[in-house]
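These notes concern the structure reproduced below.
Chain naming follows the written order as A, B and C, and within any one chain the residues start at number 1.
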Amino acid sequence: MKIVVCIKQTFDTEAQIALTEGGRIDDHSVLFIVNPCDEHALEEGIRLKEKKGGQVTVVTAGGQTAPKVFQHCLAMGADHAIWVNDPNLNGADSHSYAVVLSRVLQSLEYDLVLCGRESIDDKSSQVPARLAELLDLPQVNLVSALSVDKGKAQATRDIEGGTEIIEVALPAVFSVQKGINEVRYPSLRRVMQAAKMPIKTLSLVDIGLTAKEVVPFSVIEKYVLPKPRKEGKVLSGDLPEVISQLIKHLQEDAKVI
Amino acid sequence: MNEEKEIKELKEKIIEVGSRCWNCNFCFSACPNYDSTRGFQTQGPSGILQSIYYAIKMDKIEGPEKESLRDILYACTTCKSCEITCKGISAGVPILEIIEAGRKLLLEKMVGPLSQQRRALESIYKYGNPYGEAAEKRLLWSDALKFKRLPQEKASVLYYVGCTASYEPELHGLARSIVKLLQFLGVDFGVLETEVCCGDPVITLGDEILFQEMVEQNKEKFKAAGVKTIVTTSPHCFNAFRRKYGELEKYFEIKHYTEFLAEAFKGKKAVFKKRLSYTVTYHDPCYLGKHNDIYDPPRQLLKDIPGIKLVEMKMTRVDSLCCGGGGGRMYAEVEEEKRLADVRIGQALEVGAKVITTACPWCHTMLQNAVRDLKMEEKIEVRDIAELWVEALKL
Amino acid sequence: MLIMVFAEQRQGKLRKSVAEALSQGRRMADTSHDRLFVSLIGSGITGLTKELIKYGADEIFFTDDKDLSLYDTERYASILAAAVREIQPNIVLFTHSAMGKDLAPRVAERIGAGLASDCIGMEVTGEEVYFVRPMYSGKILAKVRITTTIKMASLRPNNFPVEEKNGQGQIKEFKVDIPAPRAQVQKVNLQDTARPELTEAEIIVSGGRGLGNADGFQVVAQLADVIGAAVGASRAAVDAGWQTNQHQVGLTGKIVTPKLYVACGISGAIQHLAGMGSSRCIVAVNKDANANIMKVADFAIEADLYSVIPELIKKMVEVKNKS
């Protein structure tokens, strides 16, 4: 089986978010990691490879930390890594990434494409669907279980209040949820050895794209810090007193019940 | 660093050492894990040993049962009771060596560790602590306390705080108490400005190379600090420095804080300002007691405090019951029928203790959680020895 | 600005937050003296038009076919994209639900439109619209400008006020070829529960590690049922196996914005706060006065939840019986 996993390099969520003087996100001392959902997508791809045989290719676009992040992916068990790195990708949005990834995929042979359901920094959750559209492939999003047999996949998709079981012929695009599997831990030894594996680096020209074709459809005009919450009240006293105070506040002040 | 060779050696070691087991099963009666679970063979020391032994012999490390194998191997708290028993009345198999080797093997094969433990390891690699907290926040526990920062300043003693005391708000009181006692004694000490994890959880969980990385980082820092003595909060850091850091003891005197204080106060008359009329019992941390034979200094420190009545639980000293936090179990939920820490609190209550003292941040955390879960806050308190001293001295 | 709303429905019922999208659409259409159109796709759905008109629909383009009874990405996308191409609205609004997340970006790419997902606000200045959406686990808000002619946005549930305002209510059938499906729904498993769905619930009662064990959720569920709430869980509770991850509230679970969030035995790790921090009113019950959640809560009670919650349940039952 030939499996392609699309990866995004994201901020580590434990990181402090600060704005620079210019109102941009200050990322100079922040650690970049594989987007957590994408790690689950990669884990799923590797498990499918272990079950059915084949190869896993990871692809990412933009960002400057791809080599480090790919090291982790290769240590986990990916076989090939492709990085599209180009200054014209500054300010790329979901559409731009989808265009780039689709172009890379058009040059590869694959049975299925795995993505994480959303990135932890942006949470737009658009790339998998945009990618499927550009490749004219069926898509199944929010997958919490996946099995493949004889060129067909059966996926469990999460919807509000339950799940749907969907059957689709491959090739297809899937975006996976965190709960689909437990990601394996590659030892530091594996990670260091993975540093020796080659990464294919491509520019837009290499994949036949012009800067115009990756112009984003959306622009972030401004970042603002959210309004801080008003200070809360600590309710104290004996229990019945506290409970009646609480109910009174919820009815009269907050008006929520 | 040759992975193939390493794996082959690990397997050979496990087979060789494991085959010394007589299957007498005496170790089962000593094992807290076996006692607190459903009594399956694989939940006892010899059972764990045989699981990994046969998994290697039958080439099933990466087979369909690999997750069961992982769960079996990572359930052990590494308390050492089994080894002590085996040495005392049976073949003397170094069971913990097999568990350590088995975990290294499973981790290399990406079968282990348990998924929650993965985060602890990644956090140690990225931030120097297993809690996912920023490295910059490591000294926040000190609040307004002033002390030397190494290596910018120089001192003869390094107080190695450790990750748990640094980052767990409930343990900040312990770190601060130790600092106050060192100041009270007039010890020339300092704390590392950029302290990182000792690596004990790393080697416990089986990442050999990451552990070496932490060892190198720490050795560099110790060297640059130019100290003669290293004093630790945690028996785990203490044990790692003494036994797993190569010959660190050639260059530094390594002490657990109870040892250090007991020696420092010997012969001195500490002028206690407050009488603590508590009935206390002392819970021996496995890594201080069973692993390093330190049983008396903590007890001496307790007896020194005026008013303290020291009572012993039925499982004490070398027979101490593990709190359940070691072996990487601080970071993962492991299925138990009864929680070890709950049992331990029960044992303390049985002997009429109003305070259960200990000398390990993990024991402290496990016992504290147990007191809460059992809703026994009115009946018993968990205190660390340093905190009691600070209270009695009114520092 | 001509606004179009995709009216999500499943099994003949409109998604609750469609009303929010309609109201927002109505307000924006009114500001620019323009109209609000609606796309309604499904099977046996003509009865839903009344509700759409109640919240401002001027024209409803419906496609009703038995082949559309179950949601299918490519079929719905092809119908909606065709409708958008024909009508050429300025803005298309979706609800940021499972269907919205699946359909909106597909349609957006097909027609070459930018899409602002998970919006919590919009600012209209003259002809320009800025879409406000949270990023970096809610630590920052981004004001997004979409550069394409047709702009799309999906709205986070519970963030836009609902107003009843009748629209002109013209109903037009939108007939279009329906492509054959490639991904087919074999089975739908819905949890048989009367409780509201987590992301749209107005009230949520959540349990965390402080519950001590799985049985603790019985108390949480009891309170939830008395006040008509959904049940949520922290990651710690889900990791411990006390709840399924469908109930997980947090950065890697569900983001919720209820009117009232009651956190029982939850410490309030950053991950969790990222999931519920924008709740209108937060009540926290925790034994630890220093737990993070106590600092964020509007009303904090430092006590054993097993004493507080049963008492609260009793009092709420009394209050309900009185009214």
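Keep in mind that, in the parts below, a residue touches a chain if its C-beta (ideal position, glycine included) is under 8 Å from a C-beta of that chain, and two chains touch if they have at least 3 such contacts.
These numbers come from a predicted model, not from an experiment.
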(request) Please list the single chain whose C-alpha centre lies closest to the global protein C-alpha centre. (result) A
(request) Please flag the chain sitting at the greatest distance from chain B, going by CA centroids. (result) C
(request) Give the chain pair, either A-C or B-C, that is connected by more C-beta contacts. (result) A-C
(message) Nearest whole angstrom, what separates the Cα centre of chain A from the Cα centre of chain B?
(response) 37
(request) Round to the nearest whole Å and give the separation of the Cα centres of chain B and chain C. (result) 46
(request) Please work out the Cα centroid separation of chain A and chain C, and write it as a whole number of Å. (result) 21
(message) Where in chain A do residues touch two or more of the other chains?
(response) 14
(request) Could you pull out which chain A residues touch chain C in their complex? (result) 11, 13-14, 17, 19, 25, 36-37, 93-95, 98, 117, 120-130, 132-134, 138-142, 154, 157-169, 172, 177-179, 215-226, 229-230, 232-236, 239-240, 242-244, 246-247, 249-250, 254, 256-257
(message) Taking the touch rule as given, give the residues of chain A at its contact with chain B in the complex, in rising order.
(response) 12, 14, 16, 31, 76-77, 182-190, 192-193
(message) List the residues on chain B that touch chain A in their complex, please.
(response) 1, 3, 6, 107-108, 110, 112-113, 115, 117-118, 121-122, 125-127, 132-134, 206-210, 213
(message) Residue numbers of chain C touching chain A in their complex, please.
(response) 10, 15, 70, 73-74, 77, 97-99, 101-106, 108-110, 112-118, 130, 134-148, 182-191, 193, 197-200, 203, 227, 245-246, 251-252, 259-260, 270-271, 274, 277-278, 280-283, 289, 294-303, 307-308, 311-312, 315-316, 319
(message) List the residues on chain C that touch chain B in their complex, please.
(response) 212, 239-241, 287, 290, 304
